[in-house]
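Just so it is clear, A, B and C label the chains in written order, and each chain counts residues from 1 on its own.
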Amino acid sequence: MTALLEIENLQTHFKTEGGVVRAVDGVDLKVNEGEVLGIVGESGSGKTVTALSALRLVDEPGKIVGGSIRYDGRDVLSMNKKELTQLRGDRISMIFQQPRVCLNPVISIGRQITELLKQHRDISSKEARNTAISLLNSVGIPDAEKRFSAYAHELSGGQAQRVMIAIALALKPRVLIADEPTTALDVTIQAQIIELLRELCREMGTALVLVTHDLGVVAELADRVAVMYAGQVVEETDVETLFSNPQHPYTQGLLSSMPVLGQRAERLTAIPGTVPKPSDMPPACRFAPRCKTRISLGMDICNQEPPQLLRTAKGSVRCWAIEGAS
Amino acid sequence: MTDMILEEQQTFGKPTGSNFARAMRRLLRHRSGQVGGGVVLVLVFCALAGESILPYDPLSIDPINRLKPPSAEHFFGTDELGRDLFSRILYGSRYTLMIGLVSTVIAATFGITMGLLAGGGGKWADMLIMRVVDVLLAFPYILLLLAVVAILGPSLWTAMIAVGVGGMPGYARLIRGEVLAQKDAEYVEAMRALGASHLRILFGTILPNVLPQMVIYASFTIPLAILAAAALSFLGLGAQPPIPEWGAMLVDARTFLRTAWWVVAAPGMAIFVSILGMNLFGNALRDVLDPKEMSK
Amino acid sequence: MTSQPLLSLRGLSAYFPIKSGLMQKTTGWIKAVDDITFDVKPGETLGLVGESGCGKTTLSRTILGLRAVQSGSIRFDGEDLTGMSLRDLVSKRRDMQLIFQDPNASLDPKRRVGATVRAGLDIHRIGTVRERDERVAEMFARVGLDPSLRNRFPHEFSGGQRQRIGIARALIMKPRFVICDEPVSALDVSVQSQVLNLLKDLQEELNLTYLFVAHNLAVVEHMVDRVAVMYLGRIVELADRDELFDRPQHPYTKALIDAIPAATPANRRHRALLKGDIPSPANLPPGCPFQARCPSVMSKCKEKMPPDFVTGGNHRVACWLAEDT
């Protein structure tokens, strides 16, 4: 099976006054037709920049300086403006963490959908309106006909995210990239949106790239997961394996530091230290300074040479301890 | 505890310094900051250097050499009394700078205090102060200046006070808005939770955080103040002859506009170049002090 | 443990006026905190759980005297704070401190972090300047930061480190009671557990009493002894931790617990979702505040506010369903 969206050795750098920040540094990802790929990472892991890069939405001072992005076999990086506009929205679309900021405040939500439809499809205003209303219905906006002419500020956070999803899915894209879609929402609303994304993507056969810091959301939705740390993928595998048999010490640490309902432990396991600043990135393995495995095994190589992504039975891992063991 | 060992291994970069130091570094790299800053520096140098750098005495009259066009001897030519215009312009820079600074200090000191009290002093203080501000703003600007001069009598100092009074309401308004915006910020709430008094919060916490805004605003009002004072001098209500204030120089020169253009051009260009330079510098300051820039 | 509660709220309410029209007439009230009664015992951690807009932030600010009290009483250590003069309140406040949610917003960006931590000592003029600086250094070490970092500015720290600074600022006052307002919800997962562990250690060392405000039930379950669930300004359920998580009674509590994402993909399940959004707290209809979203709403719920029913020893529910039990 060829991948629908394939990212290889992606490098996205930001020029700042402190020097070049390698926000994304050699990332490989594959999204197959209809699957849900979770990209998990903490702030500064480069997960959002990776997602934005896939649509070439990275703004100055950021720039994609290397690697390739292919959608359905076509090279995204060499596309001209017109092809790019067609790609965005029509084939791949995106939703963001702050839905209200992304909605145009002075145009009614209904018109935002119909404009998009008319721009990409040859349909009449009436058809566009009907499609928009049925879309709003399908994302669970009550009273869609009336809410058609509502403005962004009249919506609650949960409703705004539903409208964003309706806009993103209006053109039936084959890939939907969702950047922290539930982070700004309350728990009960988050559960609703997760359910909605799951159902809609299954129904429409849309592949979902789910960018999040929340392992719970990943456990709920993803088929495969890529764990990112400091601009690199450190582990990639299917979701069951990730949770039952995590390989990379960072993944293990993340999983064990997550408070789990029903586990009333006295103390949580923590990963010591903090995510490295881009200005002083560890020279070899970027997780080495925080890694308990390195200390307990007394490995020096972690501080001398960067580990490569290693293929394993069920995915890939970037860790010297795994390389040594196999 | 492994936690502790690892914690210490954590590298912690060199201090990036205070926000001020970072802003200065950024300013030095800013293109219009370099040009505008250069102009401002030249201006300051001329004002501070005093008589020693002047080729001629700016006040001494030389009737034989009156209204001479620019030449190698007199770079900017001479005026109707034979005074060297180059020396007069250089010497006049101190008045220009003084007017800009003194009137802005007056405007900022009173304006900021009014704004802080209006924004943080409760409903009644706010009402009272802002009505005063409204009244000041309702006066046509030049009329307000004339009123102050009429009360105090025309002189250089009066002009500065008048321009200062004219600038007050702008500061008061701006800072009141900033205070209202910062009042509910979490770090202000944190001070309140610790039991800090009203005044401590207002002057110790909110003021330092709205100061960059004030610096930006001042960098735009200084040139305006200079222009206003020049206008007052032009009307004969500011600096009095023979002080070589640029606005006052324009008054004397305007009768020779057709016959000796340089007499007008010299103070006119001096005002133009210094205002342009200050505005460029102001733009650069705004760019580097912008709170969004600071958080980077 | 003494039976005397450290903090005790009785019928506490805090309303915000809704003003409209040219004359800014008060046309209604937002009942942000409405008739709240509970005790916090010395040394315990009481969790306060609810979604955005439920009033948990207003409640914590009201307890600290940062918001006006509409009615009811706040007793701290046996003394009634509601009738107290501002001066007494300020000195009382040294015993009650607050840890903020967002460590980026709660630290003064223009002030060196050492001065931020010292602020409380400066305000109350505790000790000489030198003694204050020594205490700041001590406090830095205690929350896991190198004391030599005192002269840095907040922007030089990571989120987790900033939160440690926020904790140091609160604890340097040697308070007895600390309100932790969503102390980890703005932090990364790997750092979150560091801070939670730190809070637990400090509680033990310094004999602190916490009111732990949060929306993440998994975090709350880990941290607290008892839990109060808040919805639209009211406490709808309050019980010991195990009791509440094992036998939740209020439909809202059940929904909250059910809405937490699965811990592993094997636990994926179809859940009974709560319908609709949280209504605005302005001008609510009579009766139970949860009626619009409740899956088991009855006609009675729309007429009368359910009182607190006590079921079992320490379990309190404000729901008509609990009437018969």
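Throughout what follows, a contact is a pair of C-beta atoms (placed from the backbone, for glycine too) under 8 Å apart; a residue touches a chain by one contact, two chains touch by 3 or more.
The chain lineup, named per UniProt: A, C = ABC transporter ATP-binding protein; B = ABC transporter permease.
Values in this document were obtained by computation on a predicted structure and should not be read as measured data.
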Inset, instruction - Have a look and report which chain pair racks up the highest count of C-beta pairs in contact. - result: A-C
Inset, instruction - Farthest from chain A by Cα centre, which chain is it? Let me know. - result: B
Legend entry - chain B (ABC transporter permease) and chain C, separation of their C-alpha mean positions in angstrom: 48
Legend entry - Length of the line joining the C-alpha centres of chain A and chain C, rounded to whole Å: 32
Legend entry - Interface hub residues of chain A, defined as touching at least two other chains: 270, 272, 274, 277
Inset, instruction - Could you tell me which residues belong to chain B (ABC transporter permease) and also touch two or more other chains? - result: 7, 13
Inset, instruction - Provide the list of chain C residues touching at least two other chains, using ranges where the numbers run on. - result: none
Legend entry - Of chain A, residues touching chain C in the complex: 42-43, 142, 156-159, 186-192, 194-195, 213-217, 219-220, 222, 239-240, 243-244, 253-254, 257-272, 274-275, 277
Legend entry - Touching residues (chain side chain C, partner chain A) in the complex: 51-52, 158-161, 188-194, 196-197, 200, 215-219, 221-222, 241-242, 245, 255-268, 271, 273-274, 276-278
Legend entry - Contacting residues of chain B (ABC transporter permease) [partner chain C, same complex]: 7, 12-13, 15-16, 18-19, 185-187, 189-197, 200, 205, 208-209, 211, 294-295
Inset, instruction - Spell out the part of chain C that touches chain B (ABC transporter permease) in their complex, as residue ranges. - result: 61, 64, 66, 90-91, 93-94, 97-98, 100-102, 105-111, 119-120, 123-124, 144, 146, 149, 151-153, 155-156, 166, 169, 173
